[in-house]
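The two complexes that follow have chain A in common; it is paired with chain B in the first and with chain C in the second.
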Partner chain A sequence: MSSDGEEEFEFEFEDDDEGFDPEADSAGESISDAEAFDIMSPTLEEPPEKKPYDVNYRVRTMQEIMDMQTKEVKKVQSLLEVPADTAATLLRYYAWNSEKLQEQFWNDPTAALVSAGLSPPSSPSTSTQPLPSPLASPRPFECPICCMDYTKEQTATQTLALGCGHRFCRGCWTEYVVGKITTEGESGRIQCMESGCSRIVRAEPIDELVTSDVSKKYHNLLNQAFVSDAPSLRWCPHPGCEHIIECSQAPQKMLNQLVPTVTCRCGNDLCFGCGYPASHRPVICRIVKLWEKKCADDSETANWLQANTKECTKCQSTIEKNGGCNHMTCKKCKWEFCWVCMGPWSEHGTAWYQCNRFDEKSGSDNRDHQAKSRQSLERYLHYFNRWANHEHSAKLDADFYKSTQKKMEQMQSSANMSWIEVQFAKQAVDTVIAARITLKWSYCMAFYLKRNNMTELFEDNQRDLERAVETLGYSLEQNIGDVGAIAKLRQEVTNQSAYVQKRHDILMDDTLRGYLEHRWEFTV
Partner chain B sequence: MATGLATKRLMKELAEIKTKGTPPGIVLLNAVALDQWVFLISVLGDETIYAGETFALRLKFPNRYPIDSPEVTFLADAEYIPPLHPHVYSNGHICASILGAEWSPVLNAVAVCITMQSMLASNKKKERPEGNDRYVRSAPSNPKLTRWQYDDDTV
Partner chain C sequence: MSDARLRRVQKEIRDCAKDKTSQISIEMIDENPFHLVGAFPGPPDTPYEGGYYEVDINIPETYPFQPVKMKFITKVYHPNVSSASGAICLDILKDAWSPVLTLKSTLISLQSLLNEPVPEDPQDAEVAKHYNSDRAGFISTAKHWAQAYAQAPVHKQQGGVTGGGGTKKVTDAEMAGLSEASVSQFVDMGFERPKVISVLKRMNYRGNNISNINENTVLEELFK
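Let's turn to the complex of A and B:
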């Protein structure tokens, strides 16, 4: 496959069942809280079929990661016939790519060992003796670092040299190693203290030199380095979560056509490709990075847009946005308008007048530079405003859930409905929130997309989803009426929710397939 | 004030300088405190673009010296100007890997001076580093707090 000599970032463990099969997995031990909740919920959904743009992955615990590491070390240890400590050091140097390590090792064992900071095979300290060799004929010694003198006897017990023969007193070694571990956070790449010597201080002498607290920290750092060095592993970025995602289907070179969104066992989404702590579908990682930088650079210009208050376009009284819905009604004059474009809502209801699409033509007559740069800012603000609006809505998610919860209780008491019968409302909120995340990123995507027929289709899909979400969001913010009204609302919300789901799937499916089919072109 | 590890080592280095002296072109100007020394550095021979110039190099030693590297700067005051060199900023900060990532505890004050002297000796063009003004405007007073990117592995 990699005939062009490109490096394969595969890193798989023998015992691994190729990725995960959602059905098999939800029956197994690794059942997540989210899955457990789904089993409880009234409508038991079929496990979603795997789409061509989805990746297989597993959520791992630190213990599993440590076991993997041990397993790899043991494998290499027996294959290359080296001590465990040596195998681990070699693997670390070759970023846990054991195939590459074996290739290099069999080709030239000395070079492989030396470049990894180990003693060459002829030296007894690597192949047979993992511990630094004791001094052959002890003589009085002055430590070149602290300048302390050591007698013949003390030299044997209180000084230490690695395979390279550079000898220092244990006190200095400890001071040095502790500093590297505790202040610099180093682990697998701590070198000999001699200038220009690249011999690695391995785990065994380190454990012997430092207190158990520092040793514990050292081994934690080694484990962390294992996760960050292995291209198929990534820490869950969510605070307090200590899980690790394993995925071998999303190497760097695939990230131009894949958005590897995964769900951790803590219930949160993340992007396996770049570590973004939420889904950023349908936008690829590279564009997300550009967008974030642009937003940071332009934040001052755009700040005013994020303000939480606006004036009613009719009566000028201040309106505070307190829900996620864009359909605003002024409490004072009852004027209905769109929060995003401030236009009358009536026009959105009948003919959605391109609230999602920036009209490039409007400024195209202005040829002068100033007008052009103003237009480019306006264009950015158009997309940023819509992106930020969904970002802002997401911040209100907790309130949205809370108010829905209240309505669900109200429905249970006033319409005598069961707990299960009112779950439709919570599911609708879930649907709205998921769709808003996708919509948010769709504006970032639209900002960078080159204009062509494909882009128009994309923006049509975007507009349809935007409308569906707004309609459902508005229904969810209605007050609870009498029994008849509740039944009607339930029907409406259920239908609208299914429709949002459908539009969401269409947008996602078309966009993500578009990467695989090389349909999207970006202007960056 | 240097304590613990640093004290014995610095006393020893000072004693060695007093008995054996320093290499040509390097003079210990003063050691106002045990943990702060100033050397005068000049480049000898007529090949050099720094002929006739003398620079003052200040070394501040942390408590964990020599495990930790010293803080090294060329003095920039009424009396001395830092050498015009693509790795020396006008505030006296030096971008040299030996003072950071490549520091080894077996190195000492004189070794630092020798490295700085040869860094000057091998230079052919008097110029400040790219982005000097920008760096100097925002630099921390301790150059060890700067994250240096070493693009030249000769120093």
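Let's turn to the complex of A and C:
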């Protein structure tokens, strides 16, 4: 990690490309996968180049974060000529924005120090000595907190005042600080015990007052606070993962035109913008938040839609959905229909797969208020249904794949194929799942999208991808495990999977570029 | 450290007993030095003047590093005090607590809270609504409560309203800060009086606010 020295720990909060090597962490992990895929599907080129809507980022470990912090503190320490502890406290107060800190500090050092809870420059406490100010000692002293009396001599050794001069005994300081750290989880903002005094208790006296266990906890909390305070850092939200993503290209103000999806070293995606623990491309964070709130508010009305069983529209026998594919065939009467709209599958033929668009006109002749609110609910349900269905299908696809993995192992021996040759099925399932996640969010997008001549193109792309996904999903479900037809199946699935990938790229590319070109407007 | 806690609380009780000027009292209820009752007179020139307010004091294990727990025993009509439970919304009883604050200084802060309500951070939303929308009505209700629950003398508060030293009986409508006309308007329709009072109180059916409330909305609530 530290092989290339200084460059590696470049730490910038401004929009700045320097110091980032996108190949190093973000794409590096996936190269082996991509190579394996290339062998099987010659239509796919090398890993795609960086697109204008992609962000550079790095996956960091806690150790790297600590090193970054130290480096930043050292920089400020030498620039402002203050002790390290003071530099750290100042940086924390200015949310690690060292430019802003320097500006304020050079403008008015006293104000900068005092507002950060530090002693003004002349006070002895800005030096490394946090010990009693000479003015107050030595004379007998009663601690106002525990009401214990201290002799002149004891006052010098057993009591402590910060630069503000508020003196208390060390026992009380320790109990106070330990409580703040261990029960309240505080770190960088622990203040003097005096009522209304905002002087910060810095790391140096704290380390001296508490046991090494508490001191360790305190420094961990400081590090955690560093990650949550710095706008260019975010914890990976996936359970058990302790990595931190660093990205300076997705500040809050950019989130109206960027969807900064990143992949952590744990293998999972997340959104750097909002912390959503998966990709929510192509929808921007703000709309995702609205959608999630709406879904939570309307969950009761929408619940029935997620039910796992439906009746065949022809023979009324119950059909359970066991794969992600929406092309359903009733086991009893062989009737083929679409799971989403329950219409005959034949009508979803190649010419007009119309399952993605809500027909606004169908309800437009209803004029009264009740019909209108009913229509708005129906409109929401139309999109929600498709959103939820793709989420559900992606899960089923993953389960389905697990159950057929055994059969693939059999294939390996009976059809005399190499391990790499049977990977086509796994790759195809991965392709389907990724495409379904994008399709899922595309319905959230469509729900809020203001209609203009650009939205039609969006819906066409959505429909093309959806059709490609359903075709591939159907092939996977029908055929995996059929050892006899393995060569044909492999060819078919590989081709279909390459096509899905292509449609997926087209939809993503066009939609994400659309934000940069201000093509999308939302009705919220 | 529990020695320190006991030492400190005992000293606080002693010091408070010695101080005759502040009019704050802190007494033990039984043998337990960590469960006390504090009391102070209502501040002058407020609706609470002349009343005497008792406060339940619970001292946690972690005192004085964690704030003392206090709530009014005496019922108080005030935006920052729950009219039902006596719970208090005050910053120093929460995040703004400091270990140098004492039981006495906290009771003094409660006394000044009676003097200066903070309606933006209410404990009792109904009372806060009353305070914000109909100040004169609020003051008169708070006075009624002081007389009924805090032994505030009636003659001083009522001024010329009651003649000849006779005490006027305060109605349930007045205690709720509602006009008798509003209450009887709905009681006459056949609703039970306590229900009418509770609904009108919740809807802040008072003063100018009455014109903002549709009568049908009140009826809907009453039928619930």
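Side notes on the structure shown:
Definition applied: the second predicted complex is superposed on the first by the 454 of 524 C-alpha atoms of A that agree within 3 Å, B and C clash if a C-alpha of one lies under 4 Å from a C-alpha of the other, contacts with A are read in each partner's own complex, and residues count from 1 in each chain.
What we mean here is this: a contact is a pair of C-beta atoms (placed from the backbone, for glycine too) under 8 Å apart; a residue touches a chain by one contact, two chains touch by 3 or more.
What you are looking at is a predicted structure, and each value in this text was computed from that prediction instead of being measured.
In the three-chain model built by superposing on chain A, chain B clashes with chain C. In the superposed pair of complexes, A:Tyr93 makes contact with neither chain B nor chain C. When the shared chain is aligned, no partner comes close enough to touch A:Phe384: not chain B, not chain C. With both structures placed on the common chain, the touch criterion links A:Phe458 to neither chain B nor chain C.
Of the two partner chains placed around the shared chain by superposition, chain B and chain C are both touched by A:Gly179. After overlaying the two complexes on the shared chain, residue contacts for A:Pro144 are found with chain B and with chain C alike. In the superposition on chain A, A:Met193 contacts both chain B and chain C.
Across the two superposed structures, the residue set of chain A contacted by chain B and also by chain C is 144-148, 172, 175-176, 179, 193-197. Of all the residues in chain B, the ones that touch chain A in their complex are 5, 8-9, 12, 64, 66-68, 102, 104-107. By the touch criterion stated above, chain A contacts chain B in their complex at residues 144-148, 166, 168, 172, 175-176, 179, 193-197. By the touch rule above, chain A contacts chain C in their complex via residues 144-148, 171-172, 175-176, 179, 193-197.
Those residues of chain C whose C-beta lies close enough to touch chain A in the complex are 1, 4, 7-8, 11, 62, 64-66, 92, 96, 98-101.
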